[in-house]
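Heads up, the next two complexes both have chain A, just with different partners, chain B and then chain C.
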Partner chain A sequence: MPIYIAKRLLIMVPTLLMIMVVGFIIMKLPASDFVSQYVLRQAAQGNTGIVAQQDMLREQFGLNRPLYEQFFTWVVNFFRGDLGISFSDLRPVSTIIMERLPATLVVSAMAFIVSWGIGIPLGVYSATHQYSPGDIGLTAFAFIGIGLPDFLLALIFLVFAFLATGDVLLGLNSMQYVNQPFSLAKALDFLSHAWLSVTAVAFTGTAFIMRVTRNNMLEELGKPYVMTLRAKGLPEKVVIWKHVFRNALHPLVTLFGQVLSFLINGFAITSIVLNLPTIQTTYLQATIQQDMYLAGAILVLIAVTVMVGNLISDVMLAWLDPRVRYD
Partner chain B sequence: MTDIAADAISAAPAAKAERTTVLSVRQLTWRKFLRNKLAVVGLIILVIMYLSALLAGFIAPYGDRETHGQFARQAPHGLNFFDETGAFHPVPFVYGLKRTLDPKTFQQVTTIVPEQKYPLQLFVKGQPYSILGLIKSDIRLFGVEAPGKLFIFGTDTKGRDVFSRILYGAQVSLTVGLVGVALSLLIGVSMGLITGYFGGWFDNVVQRVIEMTMAFPQIPLWLALAALIPPTWSSAQVYFAISIVLSVLTWGSLARQVRAMVLSLKTSDFVRAAKYSNASTARVMVKHLLPSTMSHVLVIATLTIPSMILGETALSFLGLGIKPPMTSWGLLLNEAQSVQVIIELPWLLIPAIFVVLTIISFNFVGDGMRDAADPFSR
Partner chain C sequence: MTGRNMSEPLIEIEGLVTEFRTEGGVVRAVNGIDFSIPKGGTVAVLGESGCGKSVTGQCLLNLVRKPGYIASGSIRYHGGDKPVDITKLKPTSEAMRKLRGPEIAMIFQEPMTSFDPLFTVGEQIIEMLMAHQRFPNRREAREHAIEMLRKVRLPSPEIIVDRYPHQLSGGMRQRVMIALALSCGPKLLIADEPTTALDVTTESQILDLLRQLQGEMDMAMMFITHDLAVASEIADEVVVMYLGYIVERGPVAEVLSAPQHPYTQALLDSIPKLTDSASTRLNAIQGMVPTPDQMPSGCPFHTRCTKFMAGLCDQKLPGLYESSAGHVARCFLADPQFAGAAA
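And now, the complex of A and B:
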């Protein structure tokens, strides 16, 4: 097992390098770069002197060096822990990421817990009460959840919240708490904002996990061992929770990695629509402005998260199910 | 189909004993599909949607760029069967509209004029349109006489009919996923066949590339790629660029599954038999291996389309996807981005209903196909 994990971690290094290459190419493909965009914006505002400075800016950011040199400097510094600076606000990329990370992690973790915490019991209920009105209702709910884009759901919630309270719950904190140190009042205010995006993203997540749980449960319930258990006279509760549910859990574990990327996807557009200070919003802005070190670092971070998530789900599966072979 | 056909031969006598009719595999599959009611409903909805997208010019009462400036921000203004006195009209009608300026608030107010009634007419003359560039006409399926206006789903801020624009938008939204899936099918299936059949260093390289594409969460990469599309490109170029962007990440998992199937099939008897009878490598791959993977591949493809449609919707919603003058459902929803707009013009969210309906239908059909792909199980 440790050898397997070590091997997987080792394979991640070349994959990561390839991701960095692709990320770098994506940032470098357009004919324009950050400086030319910046100069255009400044010139549009009447700051004509900037045109003369653009070569100096490029020199300063190292954008005038050959591509391979830029790339290797970036990669070498990256593995040394220096993620470079953000062109647009001239702070180190790591500072910006660390600023955004807590909020991102909290909302993602909340959505994660809600979708699994609600999705699994509902899925079990749905499977054990197949074709009952409850199951049909839940199935309808699941299909709407899967079909409705979560950013639209977030928008609809936003409108209802506005109609009910008169507040526009954009962002994750009210104006007076932004840039304030952590306090209980701020945490409560955070919750009053965060529920909206969390519910919107978790809605889709819950629907997804519920469907998977239901399918797995139904498949397990049809197996002969269930009939044996029932014939032995075991109480239904024991049959469902101790035997069937445990077996139905295995395919869910393999979903763990998928759910991570699902959450990253879900919050990507939702947080742009709701103006949440998450890493995904920063990523989009950085990509559009060609703030390449910032965008590149976030892309790598996201990819690593997904890869580690997949690794965790494989390891967990191997640990849960001794029949799984890994090599 | 060779292996399935072999199964069919063994299954056929059993069917004969029961019904004295022999069904082909295709018929069996179709019967199995029909047994799943949700899948059938989904298929019917999709057929209707694609037909109306194809015939958008004919069905929509107005052109997609036709503006009714004085009736901007008009709420849905539908057909009535009963007039203000409660009398029944067998032919539905719409009331005339009048725009006035509220002298107090200086806001445009639209009032219904009960005296003016415009009955619904079939095959009225409207703006000229063409279907697939082949049929040119100006006869539209339904509409009302000239001064009357028929806005079933209201109008947007520029005074364009939302119903008509949903139909035109469907042409993009419903097909961009298909083109994307076709692309990823082409790449995925050929990569899967080649890597599975030959293996070797090429297989290794492709597997690493696929691992990398799988490590990218879709939407951030889509955002990055969509942001790459130069703003100077024409709508048609953007359309194809978007479908390429959508297929970049999906071909990998398809290639993997085809590869796995080819790996297990290439040692099977029918492939060996083909090889011994001097079939060329290309023939073995295309004639024997490819059809065996097809049913599975089609199921995956059907289940991938919804995520592509959602992707296009999300990209266009953010303004990174399809751009005007072309229109798509995501672009229509793009107008309903703020709370204020949604409260004032809630009907701008109607395209979302079509998005949901399409995605659910594709999921239903995909589920039905998955069950039907193996017509001999239970």
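And now, the complex of A and C:
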């Protein structure tokens, strides 16, 4: 097992390099670059003098050097721990990411805990009470949850919260706390804002996890071994939780592999719609502006979480299911 | 099992009807059957695929799955302190749970899929022992599980006990299944085609084993099979089913030597005999078994019967007529009055 994990970790290095190559090429595909976009924006605001500084800016950012040189400098520095600077705000990429990460993780982790913590028990209930009024109600809830995109739900909540309290719950903190150091008051203010996006995202997530759980449970409940378990005179609770649920976990564990990347990349659209200071909004802006070191670093971060997440879910599957073999 | 007082029943099934709610309407898988199993005796339930043998077995444990349910009838069990009607118990009730395992146990038809793949076979026996408080701790339960595995003659039971189901062959799994079913010392064992999935050599070993353990443990058995030879080997009494009905029932020697129902006769005829020359064709029963949702009117077998009498068999369901003590058949030809009238 440790050898297997070591192998998988080792394979991640070339995989990551491939991702960096592809990501770099895609960022370089457009005819424009960060500087040309920047100059256009400035010119539109009447600052025509900037046009003359184009080449100087390019030189400063290293954008005038040959592509392969730019790429290798980026990769080499990257693996040394220097992620480069953001063109748009001239601070180190690592500083920006560290600034955005905590809020992102808190909001996503809360949404994750709620959707799995509620979705799984409801799914089991639904499956063990198939076609009961409770199951039918939950099924209706699930269709709404899955059918309505989370950002739309967030908007609906936003409107209702505004009608009820007069507050516009955009962002994750009220104006007076933005850019303030951490304090209890700020944390409470954070929660009073975050519930909206968390609930919206968790609503969809709960509905999804519930349906997956229900389907798996129903499939397992129909298998012959369940009758053997009951024929043994085991209490129904043991039949369901010790055996059927454990068997039904298989697809959930596979899904769990995606959770890590969800934590970082989970609800981009909601973030943008609600203007949340999460890493997703940064990622989108950086990509649009061709702020390539910032966008590249976030891309790598997402890639790493996907790979590590898959590894974790594979290890969990092997632990869960004696039939799973790895070499 | 001769010499036993056959009149002392362990379980009595009366007018049992089991239905399935399907999209095409309600399907009767078991259609008002009556029979009883004496203490320590063996009853074989015979019939073609789909005639309701497994469903009958599941009824005795109140295990019929949705969309199936016991619609009417009674199953009186006399193994406990006082008789209890199993059909009156809730399938998930504590009283029903306590009957499953220590009183009535079942060996399932499919040794391949009848175990939870995620647990060792030992754990699957131990949890049953613990659920019925057979042992004060898991260590002793484990000892007993190993003992049971030895009893069904599995090689190196102390190793097998820690094996997962997928690591065992079909024959081994069937032996584990038997060990599991017998581990709480049931008074009635329902064996649902325990050898159908196995090769002939393994089959006869398993049959011998079952017979021997039955003697040792003084246990009654309901043996489900579609194989007449197996039934004649193991049973005291046979029940022949067709489309959810009992068509013939009686002591094994009589039913096999003097079958009264055309269906039983046809079944016996369809067995290849060693004396047959290679050129004789097997006498397969003509036609296909109708499915229970296209239940024929009158006698359920009339669509395939060689002695079909128009205007009678397709109009009226024959009763069960007794030809000799305890030997009955559901056929007008077995009705003494009818025979008398026809003559």
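Keep this in mind: the second predicted complex is superposed on the first by the 319 of 327 C-alpha atoms of A that agree within 3 Å, B and C clash if a C-alpha of one lies under 4 Å from a C-alpha of the other, contacts with A are read in each partner's own complex, and residues count from 1 in each chain.
One rule holds for everything that comes next: contacts are C-beta pairs under 8 Å (C-beta built on N, C-alpha and C of every residue); 3 or more make two chains touch, one makes a residue touch a chain.
Remember, predicted model here, so these are calculated numbers, not experimental data.
Participant: In the superposed model built on chain A, check whether chain B and chain C fit or clash.
Facilitator: Partners fit side by side after overlay.
Participant: Tell me which partner A:246 touches in the superposition: chain B (first), chain C (second), both or neither.
Facilitator: After superposing on A, A:246 lies in contact with chain C but is clear of chain B.
Participant: Applying the touch criterion given at the start, work out whether A:224 contacts chain B, chain C, both or neither, answering first, second, both or neither.
Facilitator: In the superposition, A:224 touches chain C alone.
Participant: Does chain B (first) or chain C (second) touch A:320, or do both, or does neither?
Facilitator: Second partner only.
Participant: After the superposition on A, what does A:29 contact: first (chain B), second (chain C), both or neither?
Facilitator: First partner only, chain B.
Participant: Which angle, as a multiple of 10 degrees, do chain B and chain C span at the CA centre of chain A?
Facilitator: 70
Participant: Answer with first, second, both or neither: which of chain B and chain C does A:232 touch in the superposed model?
Facilitator: A:232 sits against chain C, while chain B stays out of touch.
Participant: Contacts for A:18 in the overlay, against chain B (first) and chain C (second): which applies, first, second, both or neither?
Facilitator: first
Participant: Once chain A of both complexes is superposed, is A:143 in touch with chain B (first), chain C (second), both, or neither?
Facilitator: It touches chain B, and chain C stays clear.
Participant: Of the two partner chains, chain B (first) and chain C (second), which one does A:166 touch, if any: first, second, both, or neither?
Facilitator: In the superposition, A:166 contacts neither chain B nor chain C.
Participant: Decide which partner touches more residues of chain A, taking chain B and chain C as the two options.
Facilitator: If we count touched residues of chain A for both partners, the winner is B.
Participant: If we overlay the two complexes on their shared chain A, which of chain B and chain C does A:49 touch? Say first, second, both or neither.
Facilitator: In the superposed model, A:49 contacts neither chain B nor chain C.
Participant: Minimum CA distance, chain B versus chain C, superposed model, integer angstrom?
Facilitator: Minimum C-alpha separation, chain B to chain C: 5 Å.
Participant: If I apply the document's touch criterion, which positions on chain A are contacted by chain B in one structure and by chain C in the other?
Facilitator: none
Participant: Residues of chain C touching chain A in their complex?
Facilitator: 58, 61, 63, 65-66, 92, 97-102, 105-106, 108, 110, 113-119, 124, 127-128, 131-132, 164, 166, 177, 180, 184
Participant: What does chain B use to touch chain A in their complex?
Facilitator: Those residues of chain B that touch chain A are 208-209, 211-212, 214-221, 223-225, 227-228, 230, 306, 310, 313-314, 317-318, 333, 336-337, 339, 342-343, 349, 352, 355-360, 363.
Participant: Contact residues on chain A for chain C in the complex?
Facilitator: By the definition above, chain A touches chain C via 130, 223-225, 227-236, 238, 242-243, 246-247, 320-323.
Participant: Quick one: which bits of chain A touch chain B in the complex? Just the residue numbers, please.
Facilitator: Answer in residue numbers: 11, 14-15, 18-19, 22-23, 26, 29-31, 143-144, 146-149, 151-152, 155-156, 158-159, 162-163, 168, 261-262, 264-265, 268-269, 272-273, 280, 283-284, 287-288, 295, 298-299, 302-303, 306-307, 310.
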